[in-house]
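Chain lettering (A, B, C and D) follows the sequence in which the chains are written, and residue indices restart at 1 in each chain.
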Amino acid sequence: MDNRNILVIGAGVAGINASLSLADSGRKVYLVEQTSYTGGTVIKFEKVFSNLECATCMVAPKQQELLTKENIELFTITEVLKVEGSLGNFVVKVKKRARYVDLKACIGCSACFEPCPVSVKNEFEEGLSERKAIYIPCPGALPNVPAIDTENCVRFNGKDCKLCEEACMFEAIDFEQKDEEIELKVGAIVVATGFSSLDPKEIPKYGYRKFSDVYSALEFERMFASNGPTTGEIKLRNGESPKSVAIVHCVGREEKGYCSTICCMNSLKFVHYLKEKLPDVKISEFCSDLCIPGKSYEKFYEQTKTMGVDIIRFDDIAVKEEEKGMSVKYKIDDKGGSLPVDMVILSPALEPRKDASKLAKILGISQDEHGFFAEKHSEIASVETSREGIFIVGCAQDPKDIQDSVAQSEAAVGKILSLGG
Amino acid sequence: MKDEFAPKIVGFLCNWCTYAAADLAGTSKLKMPPSLAVIRVMCSSRVDPVLVMRAFLRGADGVLVAGCHPGDCHYEKGNYYARRRFALLKSVIETLGLDSERLQLSWIGASEGYRFQQVVTEFTDKIKKLGQNPMQKKTSL
Amino acid sequence: MEEKIGVYVCECGPNIADNVDIDRVMKTISSLPDVDVVERHKLLCSENGKKFLKESIQKHGLTRIVVAACSPKQHEVTFMKVCEEAGINPYFFQLTNIREQCAWIITDKELATERAIRYIRAALRRIPFHKALVKKEIETNPDVLVIGGGIAGMEASLLLASGDRKIHLVEKTDVLGGKVKELDKLLPRMESSLDIISQRIQEVKQSEDIKLYTNSEVEEVLGFLGNFVVKVKTGENKELELRVGAIVVATGFSMLNLKQLPRYGYGQYDNVYTALEFERMNIDGKILRKDGKPPKSIGIIHCVGREERGYCSGVCCMYCLKFANYIKSKLPDANVTEFYQDLSIPGKARQKFYEDTKAKGVNFIRSNEVEVMDKVIKYKTEEGEEKTSSVDMVILAPAIEPSGDTAKLAEMLRISQGDGGFFQEEHPKLAPVSTSMEGIFIAGCSQGPKNIPESIVQAQAVAGRILSSLIPGKKLEPEIKTSEISEALCIGCQTCLEVCTYGAIYFDEMKRVSVVNEVLCRGCGNCVGSCPSGAASVKHSTTTQLHQEVVEALR
Amino acid sequence: MKGAILNVTENIAKTIINFLEKGLDKKCFDAVLIPIKVPAGDSFAWVLVQNKSLLKDANPLPPVMPVQGAKALSSITKMGKTNRKIAAIMRPCEVRAAVELSKLEQVNLENIFLISIDCPGVLPLKDYLGRPKEAMDKFNKILHSAQNDIQWGNESTRPACQVCDKFIGTDIGFCQSNLHIGILGTEDKIIFLIPNNESGKSILNEMDIEAEKSVDNWEKKAKEIIEVRKKKRKEVQERLKSEVMGIDNLLDTFSKCINCHNCRSACPICYCRQCYFESEIMKLPSDDYLMRADSKGALRFLPDTLLFHLGRMTHMSLSCVGCGACEDACPMSIDVSQIFNFVADNSQELFNYVPGKSVEESLPLKTYEEDELHKVEI
């Protein structure tokens, strides 16, 4: 392999792990991340199953190591435009969008947030709280440097506003920064772009975005997050705490035609969240099949059951509005039932990123019928693709849990380093 | 406000979780009483009971040992051992009738800036109610 | 020679200066007897800030540096580099946090200034006790021992083997291929497992960088990362000594012994087969009952032993569906019924395989209580109704268990067994293929029940971990701030040895004292917290250094 | 509970010595570790006897405990196991201390045949040294009142012995000796030989002593006395709570302490090569003491007396077997053993751990449970 440098696309937990291992082995790594922060979806979690470890405690040391590692060059707010060449000699063109804040000068003191007049929904917080036009997604995000969202910033929409620049004592804010296209020469590419969740709005029977207290899994996660919008308080839209909660699995499984692997465990985790804050809340968990494989997952399920949750199986399910709160109507074989609840949490299917097909074309790799990137051989080469030198890891290849995503990222490193050079 | 009792609390914070939570509380500008003197240790299991005892007998109004939640320890099991040592220390102090209320063990994760603020504030209030550590004035100590 | 101490206070723009009276801090600290230089700077971590610091150190010939600025987690490394460039040991340096834990959290400027002064004085009390520490490097042997010649062991060996790295593959039986070679077809495309496995076996046998030892077992493992010495008893009963840098455990799994569960009728009634026996039958070609006739109605029972083992093995649902396909292709009009508790068919491709199988007329019955009698399966439906289904053949999917020698190997390698008795990974999420004993890796079902693709990914991951850390010709740089045990003070009670998570302390039988292995020690200090006599101590976090900070806090 | 019954010839001590001599003859063990009166006659010392004839003036149950038996056994086996069998005849607290030390690698119990004996307690060294003759008579009176006196040996023995509820060398005393000699309620006519494990039984077989007799009435009497002791122990601890506990009481109690650290030297469980409180860690520059004097107004010297005692309690309270050796050793007669015993009871209760009960049971600080002690977490 002539060129030893490696391009990693996506700075989630799989991308970070691959970059660190490749850097440890002495390779130069270009890590390209679409958003302004590292950590991907995992840092949105408060805790991870099955040992309920705090996600930040787990990932933050890796993020910090990433930022201080010599031979890793991190490109944030950057996307891949073009990929040419082959194993050992790829030429990749990337578009690095302007952050409008100098990564070196800024020390993350957040003095520039307060004066900014703009306030819009914060995507990182799933819209549960607002952020300014100059923002970091959540306290503790790394790199701890804000970015200016030109879509909402009034300066980029005609008004001559310099409030953030004036508040900054380090002249870190530079409105003249330009997007730039950069050419990277690499020997191999690791695609770790992760997944996105099905928008439950696409399936009307769940009443998502229609009834007030129907939340998606990620929304509930951010509600429970100690560094999130409500600093961990579980509250309904009207500010009260829910007395009864329904957690619905397999949202979109029928429509998608596959089981997304992690929703059962993630939903069982929510029982611990709820019981921690609301000890006597009544919880019912609606599932069609329990997907809890492996040596530790059933133990977690048994332990969760002892906390007082009734598991209700269903073939079909829908959420109806009542005068007070909602009710979950479910059917199993020929019997059915209806359960009044104050809050509903939906576990939506995992699906490929919206821009997966665009990236597949750029990389010259194929997708499977669901839109996930297609592996070369599902049994013995699940991290390789039809194009030699391009590897796919994590949920970009197939919905899986953090352990398998990290294992796949390490496997890609193994394949790359074993090619020698 | 000057002569009001300002407690002196020694805090052994574990580098990976609680010290990170303290930093996060800082970056989030969460205000808290200036009573805690932070000492950074790599793991809560580094704190041996006699180190805490020396601070306590030397007159610390309060001693806080804080680390990762059990199961989150960066070194896998450190905090389990720390918990046992702390329980032993507290039992010895309690049996001897010295107010063991002044010793506190708390688990604070890296993203729990608010919890860190809450623990420091509540512990300071508790110590204010207990008053100054009598050991400070005992000449024969 | 008296130490020359310099204190540098960073204003961090407004962040510290706004809430800490820097002038008062400078005045107070300068008045202290043992401080030679006290300087301030607008932003020490900026380029010119670092230049200013370096030049000031060199100009005054300082030997100890205290910087009062932000969190050590952010810039300790930055300033240690500056000290190094300025010519002093980076450990003669202490960064004290007067921003996140002082200026930003204390409202009253008076009190914040008082706290900042205390933190600087605490660092000043501590710095005289700092000792110079130097980066260590240790020689390593790049070769690798792989235990287990199954699909995972072979995959790891093939990826790791190279000109400058020899692989020693030790296999207990006389053939490679492990359990996979006992399977007829592989999911999902029903390819013959022989094609895939034999090609792998050929590659292993032909590689001159892989030394294969069949009918061999590991007897003893000594040493540590980069320097293992392993005793292997080979087929010809010879004892071999191998020197390797890393060890990969790929010992696979064994199936639950069905004789332990009489309610499934294995061994009591005819035509009750285990999954592997049924695979054997298909490899031989025909599905026949004991009396030589093809079966008309077959029952396939999932989750056998799941309750007893306390976990779902995750792979049985898929291979039971595969069995149904075996049957439907060989005996199209045979009646097939599958009894399951939960269908574990995760991932993008598995549900489709289930739906295709169901479309072939296979019936599925969910039941948590199933009993096999002679030519009949008794089961209880979810509503509690007792039902029976007459069958003339039963196939059982037993739970996956750790392989027989797991306990012996765990003890020999000083790694622990976790849930289900499988080897315990170092971290369930971020380090699934390494163990707490650095240099010892686990792959495949030895780490937990999993299917073939996941085992292969784990084997490739082990290759990733070894290829990126154990590099031929490159020395290992272990943790610098490790613990150390004073031979004069240690009485050999071994409390530290037993609390050490990483097996980084061993007992010197001759001197009867415990000794720290600085390659494995990660500097957590648990041993120091457990040592009553203070014989153990952690470099750069000694009890005296910590006590000095306590003394200042209580002044 | 089964055991053997031996008829007493002359007195209990003689009978036990004959038993030991027979053991030596039959090669069940090669040497005996047993207390013998010192030539000056006013104390006893542990002696490793190999020549059978020297056993004649040995005393398996001396009136005083100048040296805790476990310390003697530790100095024999600290550097590794003996390759010849030694029979050590000690009090239950000495056996338990030896078992505890074996878990700390300071005693190696291989080839050691531990024999325990019902212990009526021992006299304070001070009382014995002054007038050994009268003290010996007083001790024998206590010993022989073993017939039915429920208050067995609970006034003139040491305070620690008066409240000791683990004076029996079998499971009811949480003790794991190989063989236990019961003398309670035997009116000096017989003694019981009760094997606690296989090696105890095999030794008795080798000496063709059949151990199938029931010892239930002995056990019943022992349990009665244990209950009495437990009650007395609670009463003493209540008294301690009011008289000694609390910062001022503690400071007064230890104000007489002269920092001789005898209590540590006599303690079988304090095994460190150099005590933390005498190591470099505690040696501070003079300005540290000036600073403390400055903030308190005055500072007593030698400093950190209470720190030594409290610190030692955190180190040893989990393993303290309540043998009272510390109190005997204290020149200033501070009732240290009662304070340490009280602290030890609470520490051990925390992990419901009984020191020296079993070799397999790990020391509490060498292990952990994932889900425990939530009451100390805030």
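Heads up, the rule we're going with is that contacts are C-beta pairs under 8 Å (C-beta built on N, C-alpha and C of every residue); 3 or more make two chains touch, one makes a residue touch a chain.
This structure is a prediction, so every number in the text was calculated from the model and none was measured.
S.K.: Taking each chain's centre as the average of its Cα atoms, which is closest to the average over all protein Cα atoms shown?
M.R.: Going by the distance between chain centres and the overall C-alpha centre, it is C.
S.K.: Is the C-beta contact count larger for A-C or for B-D?
M.R.: A-C
S.K.: Measuring centre to centre with CA averages, how many angstrom lie between chain A and chain D?
M.R.: Inter-chain centre distance comes to 63 Å.
S.K.: In whole angstrom, what separates the CA-based centres of chain A and chain C?
M.R.: The computed centroid separation for chain A versus chain C comes out at 24 Å.
S.K.: Whole-Å distance, chain A centre to chain B centre, using C-alpha means?
M.R.: The separation of the two C-alpha centroids amounts to 35 Å.
S.K.: Residues of chain C that contact two or more other chains, please.
M.R.: Where chain C meets two or more other chains at a single residue, that happens at 73, 427, 499, 530, 543, 547, 551, 554.
S.K.: In chain B, which residues are in touch with two or more of the other chains?
M.R.: In chain B, residues 20, 27, 29, 54, 58-59, 71, 74, 77, 81, 85 touch at least two other chains, as defined above.
S.K.: Give the residues of chain A touching no fewer than two other chains, as numbers and ranges.
M.R.: 51, 53, 58
S.K.: Taking the top-of-page definition of touch, could you list the pairs of chains it picks out?
M.R.: A-B, A-C, B-C, B-D, C-D
S.K.: Using the touch definition from the top, list the residues of chain B that touch chain D in their complex.
M.R.: Per the touch definition, chain B meets chain D at residues 49-50, 53-54, 57-59, 70-71, 77, 80-81, 83-98, 104-107, 119, 123, 134-141.
S.K.: Which residues of chain A touch chain C in the complex?
M.R.: 13, 17, 21-22, 24-26, 48, 50-51, 53, 58-59, 62, 64, 68, 104-105, 107, 109, 111, 169-170, 253, 257-261, 289-299, 302, 313, 368, 370, 372, 378-380, 382-383, 398-400, 402-404, 406-415, 417-418, 420
S.K.: Which stretch or stretches of chain B touch chain C in the complex?
M.R.: Going through chain B, the ones touching chain C are 8, 10, 12, 15, 19-20, 22-23, 25-27, 29-32, 34, 37-43, 45-48, 51, 54-55, 58-60, 74-78, 81-82, 85, 117.
S.K.: Going by the contact rule set out above, which residues of chain B touch chain A in the complex?
M.R.: 16-17, 20, 24, 27-29, 68-69, 71-72, 74, 109-115
S.K.: So in the complex, which bits of chain A are touching chain B?
M.R.: On the chain A side, the touching residues are 46, 51-58, 60-61, 108, 110, 139-140, 144, 225-227, 231-232.
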